[in-house]
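The same chain A turns up in both complexes below, where it pairs with chain B and then with chain C.
And then the complex of A and B:
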């Protein structure tokens, strides 16, 4: 099968083009570095099927970053039949730098001038025909986002793939041309190497990979270089070659771009103007916090825009008393869109449970009815009822991402994280952690420093993922319903901030103790703001919904079956009715582990049903949704005076648990904090193991997660129960920080002296 | 025990065995279906080797 590679600068639209060509729904983000590994798909509209490989975004073919190494090795070693070079037409000069390097390889290259719609919108013009003549390779105007020009691009790429193209360079007639020819001759005489032109130029640049491969030629090349002198760059040939490329591009290629007469370089674009506010030194972070709160308000609030609290609405406003929709849209207030959708699904699922329960009554054995209604439906619906709120929350996150604001968040938070030992580059995977820890951990491959990477992987689970949302929402809802304090959106929002704060403290601790290292500089191109694409948003949501439902009907379903079985059988393998499940295997395990959780508030201090919180936390290690599924499965069994065969979903199951166990608010918050910061799901643990590679680091990571969740949970419970303990905890923290600073200073002085006086 | 109850036990056993079996299969053999992390970041280095099995073609 023919193989075409997509190569281009970060955020130039490679993944969008890849999705358009292959029909995939791979995640596309409006920030650089979304793709960290190559992906493959098939394009079938050419005469023969073509395998399309999406390479990570790169600025050059020099091995500065892991992405550049991946892309370079693929093009040189796997020899694709054609390279489609995606060029961001709104940033022509910078993007053509990579094009001039790709042209030096013996492979057919086709340039796809992407974002042409944006160029036209800016009243600019690019003479693609003239550019094609100057480059000597096909240039096709496209818009990957709007699927324009794609067929022509593939047609030209297919034609080009039939040719046997030899590399060409823009330095042919420059002062470097002679030197390149000399190195080419030396290369061909000493070894049988393909892509001679590319390797020759890279050897002149003293590219570390080339020097390692052709070390024997270094002396000869140095000799050639003595005949060549440059007053500006001296012997720094890498800088000289780069400068020559840019000068050539500026002189020969830039004239193909025509800007409107009114355009001035110093004019600020719309994006620049918006950035002046959103990335402001002082206001940037407060604005981010307000935006985040607004999202939580729209998703979780039971008092939309606080109209109820302000007394704008009457008590019976849209209660729809007596109807099927009673209490769905509001009670004395209007519910937020997330809550309305949640209520709709909750009412539908309760109706379905009741229907199944009444159909089974008397027709099947009591245990079977209980198993289906309480166990399976209770567990499944407890989780599924949160799907609307998850989708609403991720719709807003996707809008932030697609619009380009997420990239700004990394830029804003870089200032904070840098002080604690991580670069903004490490923050990109952390933001991805809000969606799912797994891609976030994979994305840490962009970090060159192993210690920084390990620290990032360890704190990623603290950025609450979608699977943890049911825990947050159900318990926050339970607290509001039972204790009548706070509001669901403030509790959920605070827990997200607690996760970020825990990550910051952990990074500070790790980067000053076991995972020390320099903070690399963070340079990131901020993409232009653009309106989110409806199709792209829907694809994100579809992926999320599909994943959630698939997980519910596989892992969660299997878990609820197992939980129900081991909660209804004794150690002697005798069946137990609902009233006796505290003698079950599950209860036995919970009782055994219970004392361990006493410092966190949900251990021995709870009454006899307290073990349920312990087993829920343990089942959450398989998948976080299991925590609420466990409540759903067991709620009907342990509720005093429960109506038989009535499944309790989501928040209701938590309300029953609170009533049955006597758990306090601080203990409930501690329970959320523990689940947010403890060992993530099996899938994320497997990814961490694969990414960390080193077994010792992996074991240390597991220990770190266990310890941090235990400490965070304990702190939350202790402060919540005895407020004055806050001062003791602050004192201990200050003492710990001072100790770390003192020890590090001592070590630094020792190293400085060692460097000054040599080995002692 | 009636037919319904027996069928219920059989189906549930199959579900549990299927899910656990698929997970083991993925881990051991590196292919199969049913336990993909579904992280939407399909790449050649998928920790569950799910990518190669599930990768999509265009229409």
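And then the complex of A and C:
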């Protein structure tokens, strides 16, 4: 099959084009570096089916970041039949810089001039025919977003792929032309590499990868250097080559673009105007925090805009007592959209499970009815009812990402991040962690420094992912209902903040102890703002929902069945009715592990039902949704044992069970904190292992997660129970920090001295 | 007059004269279009004074002061 590669700058629309071509629904964002690995799909509308490979976005073919190396090696080694170079037409000069490098490879190249709709909107004109003449390769205007020009692009690419193309360079008639020829000849003589032109130029640039391969040829270049001197660069060829490319582009290619007469560099673009507010010197950070809070408010609040608390609404405002919708829209308040959707699903599923229960009553054996209603439906519905809130939260995050605001957050927060030894770029994988740790960990590939990467991978799970959201919401709701204090929304928001705080403290700790390193540079493009695309938002949500439901009906369903079985059989494999669950295998395991969790508040100090917390936390190691699914299954059975006549369902029974364990508020919060900061789900652990590569580092990472969750849980419980212990903990922390600073200083002065002596 | 990009005031404009530094950072600056002759305007400073946002070659680039210090600018005397 023919193979076409998509190459271009980050955020130039490669993935959008890829999705349009292959009908895939891969995630797209307005942030440079969303794609970090290559992906394949098939385009079927050409004469023959064509395999399309989406390469990570790159600015250059220099070998400094993993993405650049992936793209470069793919084009050189896998020899695609054609490279489609996507050029963001609104940013011509910088995008063509990569084009001039791609053209040096012996492969057919076609330029797809993307975002032409935006160019027209800006009252600019691009003469693509002239550009085609100047470049000597086909140039096709397209709009990947609006699916315009795609067929023509593929037709031209298909034609181009039929004949071979020899690399061409803009340096042909420059002062380096002779040297390039000499190195080319030497390369052909000494080795059998293909793409001699590309390798020759990279070698002249002293590209580390080339020098390693063809070190013997460096002397030709060194000899040439003695005779060559440029007025500004001397014999620094790397600088000279990069600069010449840009000079050539400005002189030859840029004139194809005509801007309106009013255009000046000082003019504020629309993005600049938005940025005047969003990245304001004083208001930038407060606005960010308010936006974050507003998102949580819209998703979790049971008192929308605090109208209830302000006393504007009557006490039974839209409670709709007695109707099917009772308590769905509000209770003396208006619920936020997230909560309304949650209630809707919760009420429907409770109804459904009632229906099943009454249909089975008398028709099947009691244990079978119990297995289906409590075991399967109890666990499954407890998890599924959180889907709407997860989707609402992701809708907001996708809007932030699509609009280009995420990149600004990195800009705003870089200074703070740097204090902890990370660059603002590390912010993206962390924010992605709110969705799912797995893509977040893969995205750390955009970080060039290994130690920074490892530290980021370790703290990603602390950014509470979608699967952990049910734990947060259910327990926070439980606290409010059982103890009549606080508001679920504030608890949820503060737990997210606690996760972030833990991440910050951990990074600071790691970057000063085992994962030291210089703060990597932060040189990043800020993409223009654009309004999020409805289609891409919906695709993203659809993907998320599909993934969640699939998981619910596979791993989680299987887990709930296992949990039900081992909670209804004794060690002697005798069936136990609901009332005797505390003699089951599951309870036995829970009781055994329980003392371990005593410092965290959900261990030995609870009454005979206390083992449910331990069991739930352990099942969470498979998938975090399991924590609440386990609660759902167990609660349905346990509360049925308490009051067989009074059927409690869904979240209500979980709340009832929590109350029955005699647990305290600090212990419940510590339970959330433990689950948020402990070893993530099985799939995330496997990803961490693959991304870290080093086995030792992976083991250390597992230890780190266990320790961090144990420490955070204990601190939360101890401070919550005995407030004065706060001072002791602060004292210990200060001591630890001072020790680290002292040790680092000693090492630093030692190194400095060594450097001094070394100089003699 | 020669001046460091790091020392620019908001809204100040100039042309890049040379780019110092070495290795990775320098190469990265080149690849992003920070090369001699390019026109640069300092658009914005982040809330804590660092990093900087500049407009260069028709797009917005953000870089830290430490990196901006490598960029030597030619500015017209006011």
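As a working rule, the second predicted complex is superposed on the first by the 741 of 760 C-alpha atoms of A that agree within 3 Å, B and C clash if a C-alpha of one lies under 4 Å from a C-alpha of the other, contacts with A are read in each partner's own complex, and residues count from 1 in each chain.
The criterion applied here is as follows: a contact is a pair of C-beta atoms (placed from the backbone, for glycine too) under 8 Å apart; a residue touches a chain by one contact, two chains touch by 3 or more.
Predicted model only: the values in this text are computed from it and were never measured.
Novice: Tell me the contact category for A:41 with respect to chain B and chain C: first, second, both or neither.
Specialist: In the superposition, A:41 contacts chain B only.
Novice: Could you look at A:371 and tell me whether it touches chain B, chain C, both or neither (first, second, both, neither)?
Specialist: first
Novice: After the superposition on A, what does A:204 contact: first (chain B), second (chain C), both or neither?
Specialist: neither
Novice: Under the stated touch criterion, which partner chain does A:430 make contact with: chain B (first), chain C (second), both, or neither?
Specialist: The answer is neither, since A:430 touches no partner chain.
Novice: Identify the partner contact of A:272: answer first if only chain B is touched, second if only chain C is, both if each is, neither if none is.
Specialist: second
Novice: Thinking of the overlay built on chain A, is A:557 touched by chain B (first), by chain C (second), by both, or by neither?
Specialist: First partner only.
Novice: Between chain B (first) and chain C (second), which does A:547 come into contact with in this model arrangement: first, second, both, or neither?
Specialist: Only chain B is touched by A:547; chain C is not.
Novice: Have a look at where A:439 lands relative to chain B and chain C in the superposition and call it first, second, both or neither.
Specialist: In the superposed model, A:439 contacts chain B only, not chain C.
Novice: Does chain B (first) or chain C (second) touch A:282, or do both, or does neither?
Specialist: The second partner, chain C, only.
Novice: Give me the intersection of chain A's contacts with chain B and its contacts with chain C, in residue numbers.
Specialist: On chain A, no residue contacts both chain B in one structure and chain C in the other.
Novice: Enumerate the contact residues on chain A facing chain C in the complex.
Specialist: Those in contact with chain C are residues 59-60, 62, 64, 90-94, 97, 232, 238-239, 242-243, 246-247, 250, 265-266, 271-272, 275, 279-282, 284-285, 411-412, 414-416, 418, 424, 448, 521-528.
Novice: Note which residues of chain B are touching chain A in the complex, please.
Specialist: 1-2, 4-5, 8, 12, 15-16, 18-20, 22, 27, 34-35, 37-45, 47-48, 51, 55-59
Novice: Can you name the residues of chain A that touch chain B in the complex?
Specialist: For chain A paired with chain B, touching residues are 21-27, 35-45, 363-365, 367-368, 371-372, 436, 438-439, 442-443, 543, 546-547, 550-551, 554-555, 557-558, 561-562, 683-684, 686-687, 689-691.
Novice: Applying the document's contact rule, which stretches of chain C touch chain A when the two form their complex?
Specialist: Residues in contact with chain A: 11, 13, 18-19, 24-33, 35-39, 41, 43-51, 53, 55, 57-64, 66-67.
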